[in-house]
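What follows is a set of structures to go through.
The same chain A turns up in both complexes below, where it pairs with chain B and then with chain C.
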Partner chain A sequence: MTSYILKRLFWIVPTFLGITLIVFAITRFVPGGPLEQVLMRGALMGAEGGKNIKMDASSGGAALSNEQLASLKAYYGFDRPWYQSYVLWLGKVLTFDLGRSTRYNEPVGALIWSKLPISTYYGILTMLITYLICIPLGIWKAIRHNSFFDYISSILVFIGYSLPAYVVAIILLVVFASNLEWFPLGGFTSSDFSEYTFFSKIIDLIEHSVLPLTAYVLGSFAMMTFLMKNTLMENLSADYVRTAIAKGVSFRKAVFSHAVRNSLIPMATHFGQNISVILTGSFLIEKIFNIDGLGLLGYESLVERDYPVVMGTLVVSSILFLIGNILSDFAVALVDPRIQFK
Partner chain B sequence: MDDQVVLRVSNLRVGFATEDHGMLVAVDGLSFDLRAGETLGLVGESGCGKSVTALSLLRLLPQPLGKILSGEILIKTKDGWEDIVRLPANQLSRIRGARISMIFQEPMTALNPVHTIGRQIFESFRLHFPEMSDKDILMKSLELLEDVGIPSPEKRIHEFPHQLSGGMRQRVVIAIALSADPDILVADEPTTALDVTIQAQILDLMLALQKKRGMSILLITHDLGVVAQMCQRTLVMYAGRLAEARDTRSLFKDPRHPYTKGLLHSIPRLGSVRKTLLPTIEGSVPALKDLLRGCRFQSRCPLVTERCREEIPEVQIKQDQNLACWNRGFHD
Partner chain C sequence: MKFFKMSPASKRQFARFKSIKRGYWSFVIFMSLILVSVFLELFISERALLVKYENKYYFPTYGHQIPGNVFGLDYEYETNYRELHEKFAGSSDNFVVLPLVPWGPLENDLEARYDQNSKRLYPPFAPEYARKHYLGTDSTGRDILARLFYGFRIAIAFSIFLLFINYFAGIMIGCFMGWLGGRTDLYMQRFIEVLSNIPFLYVVMIVASIVTPTFYSLGFIMAAFGWISMTWYMRTATYREKARDYILAARSIGATDFRIIFKHIIPNSLALILTFIPFSISEAIVSLTSLDFLGYGLPPPTPSWGGLLDEGVRTLSAYWILASVVTAMVIVLILVTFMGEAIREAFDPKRHTTYE
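Take a look at the complex of A and B:
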């Protein structure tokens, strides 16, 4: 068992190196990087108010002097070959220093840390609600296979599944926040949140959470429900359920004490993937509901070429993903005694 | 009714609803008695309805497709006779396991893979003897495992099915089936999936347990060797109907029904000439969807007459022997 965990933890290292190395290299070769953006801005300013800036022949017509360019390169870390920079960056990551955001000039670690509670809040709630709805719904649908309820719920689930989460988010926002005004338009909490009493804080939080959570849950809903339904139906026709009924167990008890546990095995394998996907959030949903979470941070940093933040969010999400996979293994082993760690 | 009878099946008709061919009748008008302490063999080839008959006895037909269309399955209980066919679903658990138990063909899948052996045996005790203490249940379970020949049961009881061999698993399945001390054990090809040495052990075990507990066994098999070894009486089925039901000795010595005759002829014998073709029954079993009028064996029968093509053979009864053939009687 211990050796298995150690082995799995060890394998995190090369996977992590692979992921970060590729993304790091991409940030270096993709055009439109931070340096070019500064140069472009400089060129624009030069074109507009040009008189104050003296053109320097040696800089090849650019708005900046060589010294300025060099110091900019140094600021963005582009003054060395990419592999050297990568090693430097990695060295810093090992000391938990993710660098500074080029956009906010704040430490990346602190930036991510400040967004993490929001994403974790939504992530954990989404996962809980998804499992709490999908498992019972899947069981119910399996037992009542081909009934009216089964058909109706399938139609609803498939409609939810075929709509992308951001479309659902926009519809929810328009209908329930804008037209009906049942829920606030967005944000994690109200702006005067800190002045509220404890209970009104909770109510405020819930009010703000309902629509985004609905959008989140609808996305992962269909797959989990049908996974549960189909595996349970398969298990219900298994021989061991017949054995149980033959010894006098009622159908209801055969379902719950025999078939359901076996059906949780495939659900457990999805557990780890869900953790990482959900915790790092969906930037579209965060954007639509104006939630200041990790997904939005990662997306905006990518658009703005804020590479230290891009790499920082990548570090967090890839580590979550890798640990999630190990957690998945444990979840599977928890429900299936045939799995042993060797 | 005969004092000795513990289970009486009369005119059982079992059908399966299909999309393309409507209701297909898999068992048609089957009747037989099972007596206390005897082993009755139910033989026939694949698809003749023997497993469907077995499942019907415990109302375990695959739902919602399988259905008992008519007939009675009477079982003797303390309070007299009860008809399993008409028992409401919530009453069935009183009969299943307690009065009539079943063991299955496939020991590899018959046990729940995520529960320990112990838990699966305890479950049965808890169901049928709710007043029993946990300590007693554990003791009884260990005793039972010992009875079915599981070595070091106190260790095995904590293990999961995948840690046991096929033969051991079948022993556990038998232990579970016997936990509530049923009067009748239905064994649906219990040794088919096991290798030959284990087969012999399991059959011996069943005989020993039968002797000890005095239960009746309905043994479903297609292996005539097993029948000869185990059963006092044998019922031969063909395409859902009874062909011949006799005491095993006279059935083997003097088969009356042409189908039984064909079956017995197709067994290789040590004394027969080597490297000659084994006699077989020409043709194959008709599919349920294109059964003809009259006798179902007509297409393969060497004695077939016009009457066989028109009318279903009447069942001739002589004491406890049954024969369904227009052309053969008990004495010709």
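Take a look at the complex of A and C:
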């Protein structure tokens, strides 16, 4: 058991190095990085002063001296070959220093830390609501298989499944926020949130959460419901349930204390895999509802070529993903004693 | 071709698929949609289907453009068949047969229109029957129905292209991993873990900032990440089949690895592969639409659902844009999902027991 854990933890290291190395290399070889952006801004300012516009890096001297250029390069870490800067960057990451954002000029760690609660709030609520609805619904659908209720709810669930979450988000936004004006158009809270009383703060938060949460829940809803239904039906037709019923156990007891318990196993596997999604959120939904979470931060930093933030969010999400994978294996082993660690 | 001959088992599966009405009819409708989109120019196009002029017949739909002066018009650029249609309306000799929707996906209809108070209107125009814009136009006056269908054609061609690359790579690599096992398998697993952790969007955005994505380049970028899931399934399937007695039997009579993989393992996993196809198609359509929506997909003016979605969100007052594209997406994705569920059920040998 201990050796298994150690082995799994050991394999995190090369995988993590591989991920960060590839993305780091990509960020270095792509044009339009932070340095080019500064140079372009400088060139534009120079042009306003009556000089010619030349966008290429060599003419950056029109606005910047060579010393300034060199110090800029050093500031962004572009003054050495990429593998050297990667090692430097990695060394800093090991001391929990993710660098400074080139856009906000703030430490990346603090930036990520400040956005984390928002994404986590949605992630945890989504997971809770999904499990609270999907497990009972799945059980009910399995028991009433092929009934009218099962048929109708399957169609509804399929419709939800076939639509990507962000399309649902758009529809919700248009119908309920823009046309009916039942809910605000986006954001995490109202702009004058800090002046509210405690009670109206909660109301405000709920008002802002309803639509994004619905979009989030619908995204994972269908899969969970069908997973629950199908595994429960498989267990219901298993011999041990038949034996229990033959012995005279009531159907209710056979389902709830035998079959359901075993059917929860596959649900547990999903918990660990979802951990990175729970904590980092979906950037499309955050973009549509203008929620200032971690997903949106990652997306915007990529658009703006704010590479320290890009790498920082990558570090956080990939570590969460790798740990989540291990956790889900453990969750399975915890609920299913038949599974042994090798 | 032993591959395509129906064994009794697959006949039974097909019969079962047909008996699942919802899925079967979705399949029929979806296939007809694909057929229509292959010959889309016959249904939706700015070119006429048939022109009869001075006792000669012209079929302008495919092939070179026909300049206007061929039909006695005073210009040398491509004929405007809608105007020709109106011009020939009175005469009994010459006629023009227009497609159902006489608008191309890239054509701008900027003809001046006025409301009741004779105030000039500008696009986007609401659906109008008279000019045959059945779903209205977008903000540059392009017909939405035409753009929806041409966008569908590109999306479906894209997803089939992607499907072939992904499945080919996935089946080959998956078999390879499962068959060799051991160290190869372990290293490949790590490689896949690294690859699946690289945010796919990062790479697409980065590539899009260097070169404008084209149909094929976008396809290959997406395939670079898309082969993983099929590889995973195929690897498991190979491990499972490898342990069966018939593989041992084949090996002991001296069958080569190559023969065992291609004659036994892949055909026996075909059912598994088939059940994933509809889901891969809907996934590809959704990814392409999302990329187009974000502006990293195929460049404008390529008709795309994502582009329409983006435009619909930006011009909410022109509700017909968003309504059309969302409805189209819902219909197509639901058809694919129903189809996929039916295929999955048809191939599932387990029949569920229910208690009363």
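Simple rule for what comes next: the second predicted complex is superposed on the first by the 313 of 342 C-alpha atoms of A that agree within 3 Å, B and C clash if a C-alpha of one lies under 4 Å from a C-alpha of the other, contacts with A are read in each partner's own complex, and residues count from 1 in each chain.
The rule is simple: a residue touches a chain if its C-beta (ideal position, glycine included) is under 8 Å from a C-beta of that chain, and two chains touch if they have at least 3 such contacts.
Worth saying up front: this structure is predicted, and the values here are computed from it rather than measured.
After overlaying the two complexes on the shared chain, residue contacts for A:174 are found with chain C alone; chain B is out of touch. In the superposition on chain A, contact of A:237 is made with both chain B and chain C. Within the superposed three-chain model, A:261 lies in touch with chain B and out of touch with chain C [touch as defined at top]. One of chain B and chain C touches more residues of chain A, and that partner is C.
After overlaying the two complexes on the shared chain, residue contacts for A:158 are found with chain C alone; chain B is out of touch. Touch criterion met: A:245 reaches chain B and chain C at once.
Shared contact residues of chain A, touching chain B in one structure and chain C in the other: 237, 245, 251. The residues of chain A lying in touch with chain C in their complex are 11, 14-15, 18-19, 22-23, 26-27, 30-32, 143, 145-146, 158-159, 161-164, 166-167, 170-171, 174, 178, 233-234, 236-237, 245, 251, 284, 298-299, 302-303, 310, 314, 317-318, 321-322.
Residue ranges of chain C in contact with chain A, taken from their complex: 190-191, 193-194, 197-199, 201-203, 205-206, 209-210, 282, 286, 289-290, 293, 309, 313, 316, 322, 326, 329-330, 333-334, 336-338, 341, 350, 352-355.
Note for the complex: chain A touches chain B at residues 237-240, 242-251, 257-258, 261-262, 335-338. Of all the residues in chain B, the ones that touch chain A in their complex are 58, 60, 62, 89-90, 93-98, 101-102, 104, 106, 109-116, 120, 123-124, 127-128, 160, 162, 173, 176-177, 179-180.
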